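The two complexes that follow have chain A in common; it is paired with chain B in the first and with chain C in the second.
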Partner chain A sequence: MSSAFQFYVTTLLIYAGVDILAAWGLNLQFGTAGLLSFAFIVFQAAGAYTAGVLALGPQTDNGGYQHYIGGYALPFPIPILAAMAVGAVIAVPIGLIALRRLRSDYQAVALLVVSIIASSIATNETELFNGAAGISLVPHPLADQFGGDLLTYQWFYVGFTAAVCLVAYLIVHRVTHSPLGRAFRAMRDNEQAASALAKDITGLRLLAFAIGGALGALSGAILVLFIGTWAPSAWLYPETFVLLAAIIVGGTNNSLGTVVGVLLVPIGFAEGSRFLPEIGHPGLIDAGQWIAIGLMLLIFLWFRPQGILPERKHRYANDGRLVTVLDELAGWLRRSLALIQRSSR
Partner chain B sequence: MPYLLGPSIGFGLVTASILALAAVGFTMQFGVTNILNLAYGEVMATSGFVALIVNRAGLSIWFGMAAAAVFGAALSYLLNRVIFIPFARRGTKLFGMVIVTIAVGLILENSILAITGPNFFSYIVPQESTYSVGFLILTTSQIVLMGLATLAMIAVHSLLRLTRLGMAMRATASDASLARGCGIRTERIVDAGWLISGAMCGIAGVALFINTTSFTSATANSFLVVIVAAAILGGVGQPYGAMLGALVIGLTSEIAAAFLNPAYKNVVAFVILVVVLLLRPQGILAQIAVQREIAR
Partner chain C sequence: MAASLVGSNPKILSLNSVASATGLRTATVLQAQDIWRDFGGVIAVAGATINVPRGRITGLIGPNGAGKSTLVNIISGAIKPRSGVITFEGVDITAEAAHRIAHRGLVRTFQLSSEFGRLTVLENLLVAAPHQVGESLIGAVLGKRYWQNQEAALVHQARELLIRFGMSAKEEEYAENLSGGQRRLVEIMRALMAKPKLLLLDEPLAGVNPSLGQEILGYLEALRDDGLTMLMIEHDLAAVERVCNPVIVMAQGKVLAQGTLNDLRNQQEVLDAYFIG
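On to the complex of A and B.
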C-alpha cells in the first residue's frame, strides 16, 4: 500500500471507531432506555474539549493565542479518563433539566434547546472556550514515542481506537445484559409499569444519560486527540441526527447493528460522496447527503423500523436466568418426547 | 427610559408578531393532531422561497405572502396525507413520528439548498418610511407585520370561539376519540388543522424573511426552536398560550439583545423556557385553559 493510501485508510478507521463509540453511547440512551437524546452531541463535544484542554499546555504556549480552561499538559490516559468523567457528570444537570416530569416529546425539544444553548455559549465565550475558533495544536498522545514516524503512529492510533472500542463493547454488553439493562428496557417499553414495579424512573434516566454521555465523551476525546483541533461549529445539533440515523438503520438496541449503521451512514456517505465529481455549486453534494440521510430514515422507518439487525428479544426463566437458544431447543425436544411417549402409550 | 429600551421594545413587538403567527399555527396543529412537527421550520422556508419566486416575477411581496399561505397550507396538508398519516397507520408512535418529521425537514431544507445554493436572498420590498409611535420607531413593513399578526390572532380567536369548525377543533384537541363518538368527523378536522396551520406557517415564513431582510435556506430552521419554545412556554396545543409565549419570548429576547450580548438573544428565550419547564412543565396557560374547557 502506498503511504498516502495508508494514511487515508487509517484515518477512516479511526473515524469509524469514533462514530461507533458515539453511536453506542446514543444507542444506550435512545435504543435501550428510550430517551430521545437530541443533546447527545453536547456530551461528545464536552468530552472532546476536556481531553483537548487537559492535553494542551498552559495558555501562554504557542504565543498565547488561544484561551481555554485548564492547560495542564497531563500525560496520556488522564485526559481521556477525565473526558469520560465530565461526560458522565454533565449528564446530571442536563438530565435534571430535561428528563424530569416531562412528556417524551417535550423532553426531545428541551434537549434540542440544551444543545443549541451549549453551542451558543461555546461560540460566544471567547475567554473560556476561545469562541468560534475553538482550540488547536492539541498534542497527539504518546507521539514522542514514535520519533516522528507518522505512519506508524497512525496505525498505533488505529489499534488504540480498536482496543477502546472492544472495551466499550464489553461494557455496553455488560450493561444491557444486566438487571440494569432490563430496567432500562422496561422503562422504555412501559414507563408506568416500570414505575409501578418500584423502578426509580428519574434515577434510571439519569444513569442511562450518564453512561451514554461518558461513552459519547470518550469518542469525542479520541477524536480530538487524533485531529488536534476542536471548534464549536463541528458539534451542532444536526450531527446528533446522523448518529440517530445510523442507529435506526443498523438496528435499535443492537450493538452490532449500530456498527453496521455507522459503517453505512456516516462512514459510507461521507466517504462515498468524496469520490463524486464536483458538480453544481459548492454545498450541492453536502445537501444531497442530508437529503439521502432523510430519505434513508423514512425508508427504514417505513419498511424496516427495527433496522438491519433487529433487537434480540430475551426470555427469562422463572429463576431469572436468561433463556438461551440451547434452552429453547432442549425444551422443545423435551416437549416433543413427552408427546411421543403419551401417543405411544 | 434608557435609550435602547424603546427601540428594543419595538423590535420585540415585531419579533413577537412573527413568532405569534408561527407559534399559534404550530400549536394548533399539534393540539389537533398530537404530532410534534419539527419540519415546521422547513415548511416556513419553502413557503418563503415560493414567495420569493412570486416576488421576483414582479409582483408585490404581499401577493407573495398570499401565495406562500396557499402553498404552506397545501404542503402541510400533503405532508400529513402522504407521509404522516400513513406512518401513523403503520404504527409509528409519537416518538418515531418526531424522527419522521425531522427526516422530512432535512429533505425539504436541503432540497432548497440544492436548488438555490448557499446564497443569501432578499425580497424586493417597496421603499420603507419610518414612523415614530410614542417611544417606538417602526418601519412600514414592521407596522404591517404587526397589524397582520394582530388580525390573524383575532381571526384564530373567532375561529375557535365562534364557528362550528373551531368548536370541533377544540373538541378534537381535547379528546379525539370522544369527539369522534359525538359525531365529529375528526379526519376532516385534522385536515382543517393542517391547512390552517400550514397557511399561518407560510405567512410566518414570509414575515420572518421580510424582517430578517436577507435569508438562506437555513434561516427558518434556526427560528424553529424559538417557535417551539414559545409554543411550549404557553402550553403546547394552547393557541392563547402560544400568543402569550410569543409575546414573552419576543420581548425578552430583543431586550436582552440590546442590553446583553446580542449573540445571547435566543439563549435568554431558551433559559426562560427551561425555567418554565422546570417549574410548570405543562406551560403557563395549560391549567387555566383546561378549566375553561371543562366549564363550557
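On to the complex of A and C.
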C-alpha cells in the first residue's frame, strides 16, 4: 500500500470514527429518547473548540495572531476529557431553554434556533472565538512521541479513535439496554404516560441530552486534535441533518445500524462523489451530494422508516435475563443445526 | 381471583397493613376541595369537591364536558388548578409535579390508550416499577451486575400479572400491535406494577368489547377486595352500578350529588343533568 493511499485510508477511518461517535450521541438523543436534537452540532463544535483551546498554548504564541479562551497547553488526554465535560454541561442550559416546557415540534424549532444563534455568535465574536477565521495550529496529541513519522502517527490516531469508539459503544450499549434506556424509550413513546408513572420527564430529557452532548463533544475533540483547526463555518446546522440521515438510514436506536448509516451516508456519499467525473460547473457535484443524501433520507422515510437494521426487540429469558444478540445467534445456530440433522436423517 | 391478585402485588397489602398497624389509615385517601379550572375563559371545573374513601371503587359519572377528565388530570398533576386544594394521604399535593404525585402512589390510566407502542408488553409493565436502581446513569453504566437481580424480580412479578390477566402469549408483542381491549389491560397491569395506593381509571371500558369489559370489571373487583382504592370515570352505568360505591355525579364542572347509583337515580337534579340529558 503506497504512503499516499495509507494517508487517505487512515484519514477516512478517523473521519468515520468521529462521525460514528457523533451519530451515537445523536441517536441516544433522537432514536432512544425521542428528542429532535437539531442543535447537535453545537455540542460537537463546543467540544472541538474546548479541546483545541486547552491543547493550544497562550495566545501570545505564534505571534499572537489569534484570540481564544484558555491557551493552557494542557497535556493529553485532559483536553478531550474537558471537552466531554463541556458537552455535558452545556446540555443543561440548552435543554432547559428548549426541552423544559415546549412540545416536541416546538423543541425542534427552538433547538434549530439555538444552533443558528451559536454559530452566529462564534462567527462574529473575535475576542473569544477568533471570529470566522477560527483557531488553528492546534497541537496533535502525543505527536512528539513519533519523531515526525507522520504515517505511523496517522495509524496511531486510527487506533486511538477505534479504542475511544469501543469504550463509547460499551457505555452507549449499557445505557440503552438498561432500565434507564427503557425509561428513555417510554418517554419517547408517550411522555404523558411516562410522567404518570413517576418518570421525571425533564430530568430524563436533560440526562439524554447531556450523555449525547458529551459524545458529540468527544467526537469534535478527536477531530480538531487530528486536523488541528477549528472554524465556525465548518460546524453549521446542516451537518446535524447528515448525521440524522445516517441514523434514519442505518436504523434508529440501533448502535450497529448507526455505524452502517454513517458508513453509507457521510462517508459513502462524500467519498463516492470524489470519484465521479467532473461534470457541469464547479460545485455541482457537491450540490448533488446534498440532493442525493436528501433523496436517500426521503426514500427510507417512505419505504423503510425502521432503517437497514431496525431497533432490536428486547426479549427476556425464563430467568428474567435480557436476551443478547449472542444469545439470539446461538439459538439460531442451534435451530439451524437441528434442521440440518433432521434433513440428513 | 382475589387471592391470586394479592400475590401479584404484595406491596399494596403490605403498605396498607403497615399504615393500619400504626394507626395512620384514615377513611379518606384523597380529598379535592373547591377545585377551579378554566381554559381560555371556558370553565371546566367550577368549585368541585370530592372525597375518595379507602378500599372502595368510587365512580365519577356525568355527561360529556362535565369536567370529569379535567378533574382527574388535576388530581394526577397533569394540569394545575386555578384554585383549590388536593390532599392525598393527608399530604397537600396541589402544587406537585405529575411524576412526584405518581411517586407517592397515586397512579392513573388514560381515556385514550397510552401504551408505550415500541416497547413490548412485558417492557410496558417493567418500566412502571418504581425505585429501579438501573434507572440512574450510574446504575446503567455500572452494568447488569448492578441491577440484574432487581430486574429479574420485576420480570417475575410482571409475568405473574400477565398470567392473571391472560396476556402471557403477548409478552413479546409490541404494544402498538395490540387490540384496543388488550391495550386497556396493559394499561391496568402497568398501573399495578407502579404499586399504587390509589388508582385513577379514566374510562377503562372505552372501546372494549362487552365480554372483555366484564372481565376487566372482575379484575377491578378483585383488586378492590385486595384493598386497593380506585376512582373510576365511566359512562357505562351498568358497570358503574356493578362495581362503584359511592358514585359522584358531575355536571358543568360541579359535583351535583354523591351516593349509590340507586339513590342518585331518584334525584331530580341528577336525572335532569345526566340520565335524561
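Keep this in mind: the second predicted complex is superposed on the first by the 315 of 345 C-alpha atoms of A that agree within 3 Å, B and C clash if a C-alpha of one lies under 4 Å from a C-alpha of the other, contacts with A are read in each partner's own complex, and residues count from 1 in each chain.
The rule is simple: a contact is a pair of C-beta atoms (placed from the backbone, for glycine too) under 8 Å apart; a residue touches a chain by one contact, two chains touch by 3 or more.
What you see is a predicted model; the values in this text were computed from it and never measured.
Contacts of A:V109 after superposition on the shared chain: chain B is touched, whereas chain C is not.
Of the two partner chains placed by superposition, A:V92 touches none, neither chain B nor chain C. After overlaying the two complexes on the shared chain, residue contacts for A:S120 are found with chain B alone; chain C is out of touch. Number of chain A residues touched is higher for B, counting chain B against chain C.
In the superposed pair of complexes, A:E311 makes contact with chain C only, with no contact to chain B. Contacts of A:L166 after superposition on the shared chain: neither chain B nor chain C is touched. Contact residues of chain C toward chain A in the complex are 76, 78, 97-100, 102-103, 107-108, 110, 114-120, 122-124, 126-128, 130, 132-137, 139-141, 143-144, 147-148, 151-156, 171-172, 174, 190-191, 194. Residues of chain B that touch chain A in their complex: 36, 83, 86-87, 90, 92, 94-96, 98-100, 102-107, 109-111, 113-114, 117-118, 225, 228-229, 232, 236, 261, 263-264, 266-267, 270-271, 273-274, 277-278, 281. Note for the complex: chain A touches chain B at residues 34, 36, 97-98, 100-106, 108-110, 112-114, 116-117, 120-121, 123-124, 238, 241, 244, 248, 280-284, 286-288, 290-291, 293-295, 297-298, 301-302, 305.
Residues of chain A touching chain C in their complex: 171, 174-175, 178-183, 185-186, 188-190, 192-201, 207, 211, 311, 313-316, 319-322.
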